[in-house]
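For clarity, chains are labelled A, B, C, D and E in written order, and residue numbers in each chain start from 1.
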Amino acid sequence: MTVADTPDTSSAKTPKPATAAPSAKTVPLKERLLRTPVALPLMTFLLLLILWEAGTRIFAVPSYILPSPSRILFGFEAVPAGRWVEHIWATLRVALLGYLVSFVVSLPIAVGLAKSRLLSGALYPLLVVIQSVPVVAVAPIIIVVLGTGDAPRVVITFMISFFPLVVSMTTGLAATPPELIELSRSLRAPSFREITQIRLPYATPYIFSGMKISITLAVIGAVVSEFVAAEKGIGYFIQFSTSMFKLPQAWAGLVILVAMSLLLFQIVSQTQRIFFPWSLPKGQK
Amino acid sequence: MALAGNAINFSGVGQTFLTGTGSLTALDGVSVTIAQHEFVAVLGPSGCGKSTLLRLTAGLMKPSTGSVSVFGLSVTQPRDDVGIVFQKPTLLPWANVEDNVVFPARHKLGRVTPEDRAQAQAIIETVGLAGFEKRLPSELSGGMQQRVGIARALFLNPDILLMDEPFSALDALTRDMMGFELLRLWQASPKTVLFITHSIPEAALLADRVLVLSERPGRVIADLPVPTSRPRDETSLGTPEMQDYAAHLRSLLIRKEAA
Amino acid sequence: SAADLVTYQLDWLPGGDKAPIYVCVQEGFCQEAGLEIKIEPGRGSSEAITKLATGTSDIGSAGLGALMAARATEGVPATAVMSIFNMGPHAFYTTADTGITSIKDVKGKKIATSPFTSSNVFLPLVLADNGISEDDITLTKSDPGALGPLLMTGQSDAIIAWLTDVSRYTGQAKEAGKEIVILPWADAGLELYSAALVASDTFLSERPEVAKRFVAAFKKSLEFAYENPDKAAAAVAAMVPELSAEDVKGSWLDASKLAFNEVTETYGLGALDADRLQATWERVAASQDLDPASLQPEDVVDRSFMPASE
Amino acid sequence: MTVADTPDTSSAKTPKPATAAPSAKTVPLKERLLRTPVALPLMTFLLLLILWEAGTRIFAVPSYILPSPSRILFGFEAVPAGRWVEHIWATLRVALLGYLVSFVVSLPIAVGLAKSRLLSGALYPLLVVIQSVPVVAVAPIIIVVLGTGDAPRVVITFMISFFPLVVSMTTGLAATPPELIELSRSLRAPSFREITQIRLPYATPYIFSGMKISITLAVIGAVVSEFVAAEKGIGYFIQFSTSMFKLPQAWAGLVILVAMSLLLFQIVSQTQRIFFPWSLPKGQK
Amino acid sequence: MALAGNAINFSGVGQTFLTGTGSLTALDGVSVTIAQHEFVAVLGPSGCGKSTLLRLTAGLMKPSTGSVSVFGLSVTQPRDDVGIVFQKPTLLPWANVEDNVVFPARHKLGRVTPEDRAQAQAIIETVGLAGFEKRLPSELSGGMQQRVGIARALFLNPDILLMDEPFSALDALTRDMMGFELLRLWQASPKTVLFITHSIPEAALLADRVLVLSERPGRVIADLPVPTSRPRDETSLGTPEMQDYAAHLRSLLIRKEAA
């Protein structure tokens, strides 16, 4: 029998005993790095940037195919800061509004789907339909019906981002242990409290899993909606710059877009970490 | 203690489940009456349908045959005056001990008053969890979790208390202590108790009457009043009368095995 | 010997306005020139130019303005060898009931355009030429598919679209019981080249003979298509099952006017006139905010691949 | 105290006692309907179709805004059947290939994310980046690098459909009860078997939740990839028909697309129902 | 039975957990040696660290202070020759009873031989689950599930068996039966057993030695050999010697309460 010298290296899964409880402050560097949610991704990105810059230089990649990071940096200067802010705000506003609508609409739908098989049979296919309709095909109706303000863009964002929320919420709501449902029934509590006080909290890990997917889809949705109807926004800016062959500037837009997605994703993740720590799997608290 | 009227009545109760591989009869022809404020223990081999009997009483299930009534009314849905301790603790993982205990108030009525909190505090002390009010269930041992479940069932001060092996996860000491505490509670504010257990001494010590169920399909093969009068204490079990009684219960359970 | 394979890049999806290349294949002009053609649909001029520049495709159609911008900003290795449409396709479409009869009338009106059409960059110039400022109109941008509906439902007073779509909008107007009115920008002074035959520099330098043969065959096809619109339509419909000959014919008739007109009579088919090139570049530079000195328009073209005129 | 006459109406959540075990064959009509996975959605669709047809007729909606179902029917005739098959096959092939790639790529990534916090910190942001980059912006590189065959389209489909799979799988893999992980560790089983025999089966409900989202995204991905680069496929057909102003024909394509999504979604759902019935929430078996 | 050499050795073992609200010492200065083929029961109040002690022995955790060794080697990771019965059944919900029992073979070695299946069948019969081989855990009662867990731990025929309240969910009958069955197995193929329980009679009936832990932080407050020789049966508990022994254990547990 082999007995390893370094014990318990794979113990990330078990509750961590405080091996050195009194001197708990001397957390090893590796641990400290892991606890900073920013340092590690940042390092990855720096590495990628360097590789990218080197790659485009070594292989002399023409900038109309892939501009180097340094050229993209100049792309930011192409547009005054104020204009950037306008673009960012336009996209952010639509993404957040669409996300909100998705959430607000998904919740009752998921509750319905989880509680009633009749509804589930009738509604699920409809949701799949909405989810799978390409936006271009229905853009004319949406625009004719909703005009050209934020409304059509929010609806398009909703159409693109709501589905993962519904699926995750429904899965989560149905995953509640039956004993707790029996407890609720035995208390003869109103049905909505079974939802709000038992099923929803239990569904929290699932809901956040859906919210993480949806938030990035909401940004994509906002961008797609800008392809269809907009005169402002990062998506519009990227497409516009591309059609003008101003590629470094288009890539600058892309960088901002990606940063926006990352930020929103982090906000959702951190919301879960801070406000719903019990919903995180063990070892991630 | 005065026994006034009937609390629970089973008449010809049978329960059959559909399973993946066919059907399974868990209970068959159970006819029993439990008087108000009576403390009835149920013994029986594992899988004979004890939990099912409790679920039927709670109105969480409808019998396949026969009928269950509580206070003269047929049980068709859960009732307000019934508290349940489940076989598994089934706590809310996101709520601390205190919040789990006051959960019935929050869940049923939508609000928690300071009186509720005071009441919860008293019960938490009763079940020996003082000092753990703010702990999450995941930070408690298995036995402590079960005690939270008991506290929660007591919280609404129900007329009928249904307990599904509530003490099986407790250590011997806590078990005895909780048993006597339950008796004290039961005497202070009389309740009808249906108490499922695997322990013959526990049944003999706590109950007015013990029902013994057969192996599946569960039928009532004995319905025996406990011969000793109350109040009882640890020594009560030592009397020859009680030793005989316990031996009889044991033989009933074993006889079934031989059959 | 085996035919030379040439990948032809469309700047958009197949359609009537792309008839010449289909004629070239179907009527055998390309085969006669020893060429085998592979037609690649495209998604806009910039995308087509990128594909040509990287050598993914050999030659194709793309906006000359877009090529100039791509040359000025990124120095892409692609060159125009022949003009196809020598007029801008841009126009206002409106309906008779709006009372708009000239470009000057759009002042104060609601106008819809698609978000990324090249027309948008010329709009300020056209408006300025007609004494209108951008603030005088309400411009909304929406999906091309929504423009017709917006016009027909009266949500917009006019839309900006291309002259290659006359028959389609006329059809929609008919369904809506309205009469379409078209105000081409070229009539109001916007003189520029639009679609041109653009080739990959690699293609031109590595297979100049093939390029020459192709340009000749293409020119022949263009003429043939103009003279035989029915056969042109049949050629497209034969290769694009989604299109019927009637659809194609309408849009080819609309489009061919951009290739055969008074400009053609003056300079000849496919010609790239230096002055008109310069005018085009000035317009492009002005509209896209580029330094006029950043490009010599002559650098963008190479007339040596054109067949000597008979 | 009120005691309702009709008992136990809300008992869908508790294990169903066989109330009438001997005559179990006389299943009530409602139940029978619910068990047919086709009848109910079909009825919903018929109802919607009738409303749609009636609506377009009553309000005389012009077909360039919203064609009526009967006109869409004619749209199918625009193209010979053989060509439809080609289009469908092109889209289906790319969607399925992309889905497959998504699955195959997501699995090891999710395992890595679930097991290592270091990897998780470095990789998650990268995934969000890939997920949030609008396809149009990077399409030129993809096409230049991968040519014009199926490859760029499969990659685009992958980019659009992999994210929900990664998120759901990771959530699921981390949700395994710690006791079972302890069992595995106590057996000193190779780490991959902890994954294959414990974590993965436990993650099954989460994985299917992700797979349901992803399959419709894969179809969307295939369609989007056809918008960017294709000469065939339902997405291409819709785009083409729209740009030719042939709305009934575009809607015919849309109908086929939606049918395809529904079918694939159903296949995923039924796969779970048939092969992994234990992974379904109670009451849905 | 010959006791050859030391199987398990705890020396100065302490365990401290970091919790959300501070740190919590579960075990403190536990020094105990368990001989090979010895059957040792551990008694102690709920939450005192019994499960923690077992986890340390299994190598699933490293002690904060002190060291644990098995067969003379410091425990730094799980070992092949240790079988564990967990406090919760922890079965695979998708696998039937038989597949759950053979799971250690499948999981450790990647394959299941016909001999494995035969072996599993024998053990399934031993734990009284014959006829339930193809049932899923969700179709079993709580007690039956726990029996599957026991069968699984026995399957690899380990030298050391760690059992965390294995019988607490069983009915009295099955409990006794399983206890005697465990003794039979233990005598037929000698094993070192560390047996955590809440039941004094159970500890007295099964063990060679009983360790009593104090309330948290758990310390060994008594280490008492059981006075009766083997083989034992139901009557063994009736002897005055054993009555005294049980009473002594009880007093130790209660004394702690008073303190």
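Methods note: a residue touches a chain if its C-beta (ideal position, glycine included) is under 8 Å from a C-beta of that chain, and two chains touch if they have at least 3 such contacts.
Fair warning: this is a prediction, and the values are worked out from it, not measured in the lab.
Chemist: Count the smallest number of chain-to-chain hops linking chain B with chain C, moving only between touching chains.
Modeler: The fewest steps needed to get from chain B to chain C is 2.
Chemist: Could you compare the number of C-beta pairs in contact for C-D with that for A-C and name the larger?
Modeler: The comparison resolves to A-C.
Chemist: Using mean C-alpha positions as chain centres, tell me how far chain D is from chain E in Å, no decimals.
Modeler: 47
Chemist: Using mean C-alpha positions as chain centres, tell me how far chain A is from chain C in Å, no decimals.
Modeler: Between these chains, centre-to-centre, one finds 41 Å.
Chemist: So which stretches of chain A touch two or more other chains?
Modeler: 14-15, 64-65, 136, 140, 144, 182, 185, 227, 239, 242
Chemist: Pull out every residue in chain B that's touching 2 or more other chains.
Modeler: 60, 77, 79-80, 88, 136 - these are the residues of chain B that touch more than one other chain.
Chemist: Chain C: which residues touch two or more other chains?
Modeler: 50, 54, 145, 148-149, 153
Chemist: Write out the stretch or stretches of chain D touching chain A in their complex.
Modeler: Checking each residue of chain D against chain A gives 10, 12-15, 30, 33-34, 37, 40-41, 43-45, 48, 64-66, 115-118, 121-126, 128-129, 131-134, 136-138, 140-141, 144, 163-164, 167-168, 171, 174-175, 178, 181-182, 185, 191, 205-206, 209, 212-213, 216, 219-220, 223-224, 227, 235, 238-239, 242, 247, 250-251, 253-254, 257-258, 260-262, 265, 281-284.
Chemist: Please give the residue numbers of chain B that touch chain A in the complex, ascending.
Modeler: Interface residues on the chain B side: 55, 58-60, 77-80, 82, 84, 86, 88, 90, 92-94, 103-104, 106-108, 110, 136, 138.
Chemist: Once bound in the complex, which stretches of chain E touch chain B?
Modeler: 19-21, 43-47, 51, 87-88, 134-136, 139-144, 147, 165, 168-175, 177, 198-200, 250, 253-254, 256-257
Chemist: What does chain A use to touch chain C in their complex?
Modeler: 62-65, 136, 139-140, 143-144, 147-148, 226-231, 236, 239-240, 242-247
Chemist: List the residues on chain C that touch chain D in their complex, please.
Modeler: 12-15, 40-41, 43, 47, 50-51, 54, 56, 144-145, 148-149, 152-153, 165, 168, 171-172, 175-176, 241-244, 247
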